[in-house]
């Protein structure tokens, strides 16, 4: 593949951002159109890539590789495999939807969409970079635009948006400091061992790191990626952050940005440090389970919709961790798929909450009620997201969750039961929120609300369609993911403990 | 044609699903069109189902070799899941029954729901429900079954909450969903365990493996799996102690109660246990649990039903009770009896609900039977069909319910669970009593002047009549003299239970006694003084029953105090401890900065002082710690 | 004999230097301080003489004892305010500074004394033509520092003039 | 002894330029004084061109007293670029101040001092270069005589620089006494780990203190916030970049080359000082309300990061220092030029007066943001790559230091973002846009693009610093 | 020279340096501090000259060094006094502790 498809995909939003910079300030519609065009291009390309990816062949495809920094062994190495592909698609689905979810932004639209485009491009970059260094370059690109978007366009509730934004930013950055330290150490060690600097994931994966070293490094990476993934107890930025952020940011952050944590955990930590992974897996599982249960319980106590979804996403990331910790094909498949599923679902959720907030100026559940009558389409979107959140079969998140359960149940047995029990609590809070927001007697003050229409429908249509299609045809997702997970599992197989099995063989 | 239907049985669930999509995306603005689409597709589905069922029931080959065809759904190393169709006599019977009832209910709904603003939506939900239910019935593996299982749950949720602006409907829907969700947790665990132990979820493979389960796991684990799997049905089929949602589910429109909460969805649990008989049959104790749960539920619900006042609630408890019967039958190992009762119950209970709906329709949703009376005169079709249903459920021959209930009692008796048999028999008496109590109160006796009932339109009465016919004759295929049912639907090998005349007669007697007592209390005694007297005399018992043993209150207490309380505690822990640590370290960092800046006094000689102090410290530390300097060497050996 | 003389003169000069330096610090009157400073500088020049650095001794006397001290006196005069007798007081740091400096001195003295044997002593003779040699060095090997020093002096000159100049009101446009 | 003048072309050009500007400043009429800025820029550009063209011409003068290697060239290019940027970016600030000739000539002489320092391979040259630079800066700091703060800054710098010079000299004299040479590369041979005079420990402490003062290492840093705040902004900028880089050049020569034999003694010390510097610099930056003071603390922290490169005292470390110093030029210049530009309009350096800058002057806000984030080491900006190179050298032996450095640099984002908060969130107090003259815009664009490009594509600079670092130990 | 070695000179230098430092730390008057710095530089010079005499008598490295130190010291005093005069105009004080506008 000579044509640099991925680079173009990456550049499209950046070019849109560049165009936006030179547009006049008050052409709001134009800003939105440009942003939509930019993200649409990326979406179209990533759809093309997704469906033309050769699943039988597997491995890295659409590869572009240019030497970049010789003494660090860095190359501009872009490519997609079964792991990155769903994430790429997810990014663009959500990026595209986020533009439309922000359709009603009135204040300083130009800056808003410039930052949004940078955000989308940054996230995209992490998923298609196959070189650790390039990955890191993109890893934090997004933090600052997010901060600015939160403080300018965000909203304050329990905490001020300034606090939320700062907490989010600093928390993630400090987490990433651990990651960076481990990356540098890994690199130095790899040069020591092989003598040849190579920063590509593949190259690092081939280095036989000493086991003790792997164990230390994995822990650091776990802290780094774990805080991004809002692993319990490193999650406390998450609910506050989402609550403070404007809709588009919440969508992208909960939808894809968080997933970088899980993605990195698999792509870097597990792949390069398999012995470390094997060592820490039970620990991760415990944290994952704790996260599931704890965040679900916290979500139950929430009255603010965004907090609710914020805690809910912490809870869902617990499942992802659990899947990763299972360290078997099924678990990791499920983890990746669940990241995709949760991304779509959370984005839809946040976009709907965003519309609700925009229209009613409140997210406080007791102040809402009966909206299903007044804004039925919004209610449909909300309920779809809610149902996906509680893992309703037929929507995208059930099969991934099931897969995670299979994978983790196999390894952790009864421990996993706690996590599975989380689905009950999830159902409880999600349904309560849905019921108290949408159902019940309609309130007079909301009688003249306008239902979402036109461009506002895009998030619902796009993400809703993915929710349903992914739920009905999970193989669309799993075949791709599996083609990426299999090589990783084959690579790390030697380091893994034999599975704790229930009963005899299976 | 028949061949086509059998090999395209996936059309049976697909057709209503298509109807759902069409209504949602195209015809929603046109209510009549929507209902037409829905009914047309349902009819097509019914025809296909009927043909397929006909195909199955004409070829004995299928008794032991179900027709299975699957396609890959998704998979990876270690987990491969197919979707497919599993057509055997049981599922053939089910799709026939479900599609028929669904069709009738849809027709009925054109009348009942007329003018409702959510008319199209209602039909779309009904279609979706039919699709899910049929899909569940035809599932070829446990996961697929679970998927549809949950989807019917969703439809149930949506339909219970159809009048979502009513707080009661909203709460009932939520309750239904969450209660069944709790149960599904167990089911899911069971499925996971099956997957992990046997490596497959396909029924056909599992059927082969289950008898040799020792190769895979221990008996204890098998029991555990069976119990876990049973938890799902406990929730879905309203068994004690997860029955609480079912009576509340009556907040939905009455056709929904008829279709979902009487005839089809609630029997899904029974069907699931039946479908997995190969697992349950291997572990005696699990089966016994099923039996006990069933019998107790049957009795327990019946006692509650005795005191209830709202027509649909009485029917709901009766449903719970009848579901208990079915479970009991399964538990004593008679799939035949269980499914037979499932089949007959579907007709008479659907009939009664629809008739009740007709009544409510006429009385503008006045539900208390005590405020009705003499309706049979104004609403003859509704009334008499209801009576047929009442006879059927009470177990009066030759109505359908008699045969199936008799089969159950017989099975219970013959399996040696005499106590359960006794319980079931008492329940039969209670059933007859409370059912006829309702009928007498509502349809006979004096008319209430404030009511202005009128007979419902034809599109509502025709389904009633059809169902009444089925309720009357539906059991005739399983009488001791014509044991067609017993020859087709069974687990393992056909049961040839010798009819036991004593049991038959005693059950008739109990039914008659129940009806008679109801007659005495509520028809003969015009002022109902005796009934009221009884209620007063046994005030504590009456209150206990009337308040459904306070189980709802217990659950409410549990959720409010235990669940919400611990949620609250978790949240407080989160914002004060977890977040407190975060904010605390931030505050410490900031505080350090703010404090230390005051060392920066702005006085130049202070800076110089610090400077040389540092020089001193460095010198001293280096001189006295550094091994490479010769200072230490001098002080040491040299 | 020469040794004894050298030893005696070293101790005397040292005593003078340290005493006068202490007086520089202790004097409450800045003018006295400056006078004591001159003494210190002269003492240092004596040390230089002992160390065969004749040219340097001359420079010391001319530059330090002469030019610098005069300059400082001018500085004092230009900034005189209030009572000259109390123009050179201690500040409150005394209590910390005194032990600090004492410790530094002890550390330095200890380390210095400990290194007696480490000094790479040389037996070479000092060339007779001190001044000539220094001139040679300065303009050959040390030309870059020399030129740099020249520029430095220029900078200092310009800077001093610039800074000490009265700010005219029309300086700012 | 052959004397190859071509080796000191750069210094000669700078010296000549300094004298020329001085003279022109004295004779030019008041209204023409503004022309000195462009002349300075052109002259420095000439010197820069010379340095770049002479990249491959290497050699030593006077038996190694004055070393002209790629390491030196690299730093000269750095000083000159910084000087050009700061001169170009702050012409308006300077003319508002009303001092031209003296200012520009002092600036140029400071550059000269730095150039001498970069090449100095003996104590005397080193000391004189250092003092030339220092005295120029003392005058520059006080150059705005009408502003009490400026003079106070000069005063403080004078006293403290004098005290630190004394320490440095004392240290140098001890090294000289214990080795008998003042040539840095000769001391390397004479001081070996097995035989270290005790008094060298004192000397070492004094040297660390003296040079640590210049690069503002905690606890020798206390001057810098006051002086950075008080001095005129361009001076602060140049002080932060030039003085610091030159002192690092000297520090490297003196420690990594000259005292390499004592590395066992000072490596841990430097590591601890680096850690202290990072922590204190960042923590004290947090409560600041004046942007210059905040940047001063931040630049203290930066010195801590750069010092990490010294700990390993090998080529990789030197390369890290060079790389970081270079990108630090762009970041610091970007930030301070913005500060100067804002001061021209707003007449304040308080952070709260930056309210709404993003709306009044998006470019200024963007450049300030990017510069600060680069200092914090946020990818994909240059600072990240620089930190990568620096911490890479110590991670194997001083893992805690690397981790601490990374954590502290993330904490630093906190106070940088507070500036962003004010700039982006708040509404401007007055809504007039701030026009940005062409020259400032050019500087800003250079700084911004430099920061971004070095971050995204650091390959070429990395190669360059590699070759330059290779020359370091060749003498 | 049995009695007096280079170490004596170095010790003398250390003492003088300390006295100078002490003065620089504790005097209020800026000019006095300046003087004390000169004392410290003088101490260094003693060191340099002594080492020159004992370590490298043939070359004049140490002496040259001290000549440059004297030069620089003179320049420093010049600039220093100028600044003191400038700040005196501004604040009417030469007490260093008064110059604390820039702090924290």
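Letters A, B, C, D and E mark the chains as written, and numbering starts fresh at 1 in each.
We adopt the following convention: contacts are C-beta pairs under 8 Å (C-beta built on N, C-alpha and C of every residue); 3 or more make two chains touch, one makes a residue touch a chain.
Nothing here was measured: the structure is a model prediction, and the numbers come from that model.
Each step here moves to a touching chain, and the least such steps from chain B to chain D number 1. Between C-D and C-E, more C-beta contact pairs join the chains of C-E. Farthest chain from chain D (centres taken as the mean of C-alpha atoms): B. Relative to the whole-protein C-alpha centroid, the nearest chain centroid is that of A. On a Cα centroid basis, the chain most remote from chain E in this structure is B.
Between chain B and chain C the centroid-to-centroid distance comes to 100 Å (mean Cα coordinates, whole Å). Chain D and chain E have Cα centroids separated by 26 Å. Between the CA-based centres of chain A and chain B the separation comes to 35 Å, rounded to the whole angstrom. Remark: chain A and chain C have CA centroids separated by 69 Å (rounded to whole angstrom). The residues of chain C that reach two or more other chains are 91, 93, 97, 100-101, 104, 107-108, 111-112, 114-115, 118-120, 122, 142, 145, 149, 152, 155-156, 159, 162-163, 167, listed in rising order.
For chain D, residues touching at least two other chains, in rising order: 124, 127-128, 131, 135, 138-139, 142, 145, 154-156, 159, 163, 177, 180, 195, 197-202, 225-226, 411.
Shown for chain E are the residues in touch with two or more other chains, namely 6, 10, 17, 20-21, 24-26, 33-34, 50-51, 55-56, 64, 68, 72, 75-76, 79, 83-84, 86, 96-97, 99, 101-103. Shown are all chain pairs that touch, namely A-B, A-D, B-C, B-D, B-E, C-D, C-E, D-E. Residues of chain A touching chain B in their complex: 167, 170-171, 233, 235-237, 240, 294, 297-302, 328-330, 333, 370, 372-373, 387, 390, 392-394, 398-399, 402-403, 405-407, 409-410, 417, 420-421, 423-425, 427-428, 431-432, 435, 438-442, 474-475, 477-479, 481-482, 485-486, 489, 501-506.
Those residues of chain B that touch chain C in the complex are listed here as 605-606, 609, 612-613, 615-616, 619-620, 623, 630-631, 634. Interface of chain D with chain A (complex): residues 358-359, 362, 369, 373, 378-380, 384-385, 387-388, 391-392, 395-396, 399, 402-403, 406-407, 409-411, 413-414, 417, 420-421, 424-425, 455-459, 462-463, 466.
Looking at the complex, you find that chain E touches chain B at residues 21, 24-26, 33, 96-97, 99-104.
Of all residues in chain B, those touching chain E in their complex are 597-598, 600-605, 608-609, 612.
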